[in-house]
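There are two complexes below, and they share chain A, which is joined by chain B in the first and by chain C in the second.
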Partner chain A sequence: MAGFVQQVIEGLGTGAIYAGLALALVLIYRFTGIVNFAQGELAMFSTFIAWQFVHAGVPFWAALALTLAISFAGGMLIERVLIRPVEGAPELTLVIVTLGLFLLVNAAAGWIWSFLIKDFPSPFPGGALRAGGVALGYSTLGVLGVVAAVMGLLYLLFRYTRIGLAMRAVASNPESARLSGIGVSRMLALGWGLAALVGAVSGVLVAPVLFLEPNMMGGVLIYAFAAATLGGFDSPVGAVAGGLIVGVAETLAGAYVHAIGSDLKVGVPLAVIIIVLLFRPQGLFGHAAVERA
Partner chain B sequence: MTGRDDGTFLNVARLHAGYRAGRVLHGVDLGVAEGEICAILGPNGAGKTTLLRALCGMIRTEGVLRLAGADLPRRRPEAVARLGVAHVPEGRGTFAPLTVEENLRLGAYTRRGRTRIAADIDRVYGYFPVLKERRAQAAGSLSGGEQQMVAIGRALMSRPRLILLDEPSLGLAPLVTRELFHIVKTVNEEERTTVILVEQNAHLTLEFAHRAHVLETGRIVLSGSAQEIRDDEQTARAYLGIGVG
Partner chain C sequence: MSSTPLSLKSSPASGGLARHWRWAALALLTAAACAAPFQLAPFRVFQLTMVLVYAMALLGLNLLVGHAGQISLGHGCFFALGSYAAAIMMDRWDVPYLLTLPAAMAVTFVLGFALGVPTLRLRGLYLALVTMTIAIFLVPLLKRFGSLTGGSMGLTLAHPEPPAWTGLARDQWLYLLALAIAAACGLVAWSLLRSRVGRALHALRDNESAAEVMGVRLARYKTLAFAWSAMFAGAAGAVNTWVIAFVSPDSFTVNLSIMLLAGIVVGGLGSTAGPLLGGAFVMFVPTFSQGLNEAAPNVVFGVLIIAVMYLAPTGLAGLAGRAGRFAAHIQRKK
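Now for the complex of A and B:
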């Protein structure tokens, strides 16, 4: 039993990381209808920026704050420069643009920092809380806490602030938002900035676990897609719940289903995507568009 | 600056506008006085909706378009909204997943001052008591008439000088439409808000409007007081399809 609980805890820890990136995906999708394939690479690039600061002797939390600010500005800049010109273009065009961004950011990171793996410091102390044969690592606890905090802050932003309300209005009906005097393009840029910031948090959380290198987010992105699909692509709460479920499912399948083991467990998120799309395409927490005429 | 210097609040002259597929308005001339309810009538496809879209900056225009002395062309919709123009588009433009109260709050987006906005929300609930009961409900779950109330309420929240109503009767039962028009009239009388009312339902509209203009294939073909237009049997037959009587 203790072993099982231990696996669930591990699963929640990795799941929280998927949840972070899934949250970033969902943010952009809600505002712009774009599935941003480059989200993981942007997070990776942000993590390299954090690494650069730490490497230069900046204390970790200060480095993180700087990185988040730069990521936010960078996300807004990308929206202005790359996304604005193709706003309203067919879906395929948008997919190709974000794929192009994926390659661009990946290559840029390799060019600047090389493809050699780097150690990234963990912001959390080693060691663990122990009770009844179960160890709850401080780092796992830290990751869960950070993702919970990010979600909480986003909730407060969207629910209680004027700007959050305006952003939800833009997501729901851009034309009416414009007629209400809301600067829609500013809100879209803000959405990209916010997503880049949330993605950067997930990158910084994942780097100590995986090592830092330009391809580190590839796998995480697939899990994040599974998480967002499972939770519902338009639901931030769903993204987080989806991330945790996928993380736990993956860990348990790897540990207990002999045929899967640690090699095949990457198949779990893909199975999740397919099953969800078959039986509940809008996801667990998503909304099928229902509206009275 | 008020619009009185040139005599009209809203001054439209030689207005051309349209879409990529073709021009819809071919030189519209129109004057609207401050505080009046101005009806724009006409058949489907005459350009009524396009005229409203031109007024609020949603499409490119050529010609004169002045509101209280300010030039409107080349302003973006959000900038026109800040000048005090509230557009209630056809199909209401509700923020469906947001609550009724959030919809109203968004109407006041361009304004500052918490207490005055809260007071205005109460004022809207005064006009539409049913919205108060439904304040925490998603706007998209309301009936068509209630959603139209949300849309008009949202427009009022911006404390507009000019409200553009595009076919508010669409899809509503005649009784509900009449009730809505009554409230619009009350708002117009109590707050001196100018209203441009685009409608196909000429008969009912002429009961509430002060002046009316008939738009046909992109031109104003007839203007007059609502009374004159209603009394002119021939025009009624020719343009408005009102069964006279």
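Now for the complex of A and C:
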């Protein structure tokens, strides 16, 4: 029993990381209807920036703050420069542009920082809380706490600020929002900036676990896709819940289903995506889109 | 999806003169393609063979993405399955290599059909997601069934030898073989697209509801588009196995699928020359930029894909067409 609880805790820890990236995906999807295939790579790039700061001797938390600011600005810049020209274009165009960004950012990181893996310091102390044969690592606790905090801050932003209200208006109906005097394009850029920031947080959280290298986020991205699909691509709460569920499911499947083992674990998000899309395409918390053909 | 940038309007200038030139260009290209292996160094011949292999795979992807409008980020999967089908038959059961081609095509056709059925309910982004996940899942799957696939070490095979009566070197023989198969595939795809099938695919790409109202059976044509596109990729995979004589899971990562999609986008979605131009792109961009830095090929790929999307949504083939029309325009003015 203790072993099982232990596995669930580990699953929640990894799930929280998936939830972070899924949250970033959902933010962009809500505002622009784009599934950003480059989201993981942007997060990886942000993490490299943080690593560079830490490497240069900047204290961890200061480096993190700087990185988040840079990521926010970078996300807005990408929206302005790369996404604006294809706004409203067919899905195929959008998918291809974000895939181009994926290749570009991945290779650029490899060019700048090489493909060798790097150690990334963990912001949380080692050790664990122990009770009844179950260990709850401080780092797991820290990751869960950070994701909960990000979630809470986003909620406050969207629920109680003027900007948040404007952003929600843009997400729900850009035309009407524009007519009531909201700068739609500014809000879209802001959405990309926020997503890049949230992605950067997930990158910094994942780096101590996976080691930092340009292909670090490739695997995480698939889990984040599964999380966002499960929760519903238009629901931030769903993304977090989906991330936790996928994390736990993955860990349990790897530990208890021998045919899966640790090598085929990536089949879990695939199965989740396919099952959800076939039986409940809007996800657990999403809204079914009604479309007039 | 009501409109796509891919709808190809037949060029207004494709009158008698343009058609004339097109045939002349085709004849010239054929002559050059047949003469190439006797003029170039073996390494160059190998590179051209690989261009043909990629072009075959892109022929399928063009059918699916360019003509039927279904996004697939998992085309490398079928390429891999074709390669492995051929390799396993040659390695485990000593099947003569020429027979592995139809077998690989049959296997990938069936699997493409099987994948087409669950994806019927998916559109656009979700289809891209699912196919990409499948492409990622393939690598650990190939490694797992090591007794058949050779695991992460892969399978090393003997190169097929040219028959003695031809008097050709191995690279020349494989090149000509690839050329013949690619030409046959191209012909099949071309006639497929000129038939009722092609019109049905275009209709469902441009407007699903309208197509359905006009009597196009959506489910049937979508699954068939998947099956055909998989079959062409399977043919390319089998030839790839003959040429390289080695298969391993790590040559078929999701990067291959992304590169193939990039290739057809840059070559020109929905165009006749697109697959060939895209094949050359996929083959030569890494070769040329590798000297700069190991990361350079993907930087170039990324920049080019985005640039093509902005500046020339119809790809290199579209650019060539535009240049041709411009020339015709100048000529008329004189």
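Quick note on the criterion: the second predicted complex is superposed on the first by the 288 of 293 C-alpha atoms of A that agree within 3 Å, B and C clash if a C-alpha of one lies under 4 Å from a C-alpha of the other, contacts with A are read in each partner's own complex, and residues count from 1 in each chain.
Quick note on the criterion: a contact is a pair of C-beta atoms (placed from the backbone, for glycine too) under 8 Å apart; a residue touches a chain by one contact, two chains touch by 3 or more.
Here the structure is a predicted model, which means the values were calculated and not measured.
**Student:** Should the pairing of chain B and chain C on chain A count as a clash or a fit in the superposition?
**Tutor:** Aligned through their shared chain, the two binders fit side by side on chain A.
**Student:** First (chain B), second (chain C), both or neither: which does A:P85 touch?
**Tutor:** second
**Student:** Looking at the overlay, does A:A56 come into contact with chain B only (first), chain C only (second), both, or neither?
**Tutor:** Neither: A:A56 stays clear of chain B and chain C.
**Student:** Contact-wise, after the overlay, does A:A107 reach chain B, chain C, both or neither (first, second, both, neither)?
**Tutor:** Second partner only, chain C.
**Student:** Rounding to a multiple of 10°, what is the angle at chain A's Cα centre between the Cα centres of chain B and chain C in the superposition?
**Tutor:** An angle of 90 degrees, rounded.
**Student:** Who touches more of chain A, chain B or chain C?
**Tutor:** Partner touching more chain A residues in the overlay: C.
**Student:** Once the two structures sit on chain A together, report how near the CA atoms of chain B get to those of chain C, whole Å.
**Tutor:** Between chain B and chain C, the minimum C-alpha distance equals 15 Å.
**Student:** Show which residues of chain A both chain B and chain C reach, each in its own complex.
**Tutor:** Residues common to the chain A contacts of chain C and of chain B are 293, listed in rising order.
**Student:** Within the complex, which stretch of chain A touches chain C?
**Tutor:** It comes out as residues 35, 37, 82, 85-86, 89-93, 95-97, 99-108, 110-111, 115, 214, 218-219, 222, 225-226, 229, 263-264, 266-267, 269-270, 273-274, 277-278, 281, 293.
**Student:** Using the touch definition from the top, list the residues of chain B that touch chain A in their complex.
**Tutor:** 56, 58, 76-78, 81-82, 86-87, 89, 93-98, 102, 105-107, 109-110, 140-144, 147, 154, 158, 171
**Student:** Which of the residues in chain C end up touching chain A in this complex?
**Tutor:** Against chain A, chain C makes touches at 1, 3-6, 65, 69, 71, 73, 118, 121-122, 124-126, 128-130, 132-134, 136-137, 140-141, 143-144, 208-209, 254, 258, 261-262, 265, 293-299, 301-306, 309-310, 313.
**Student:** Once bound in the complex, which stretches of chain A touch chain B?
**Tutor:** Result: residues 162, 165-166, 168-169, 172-173, 175-184, 287, 290-293 of chain A touch chain B.
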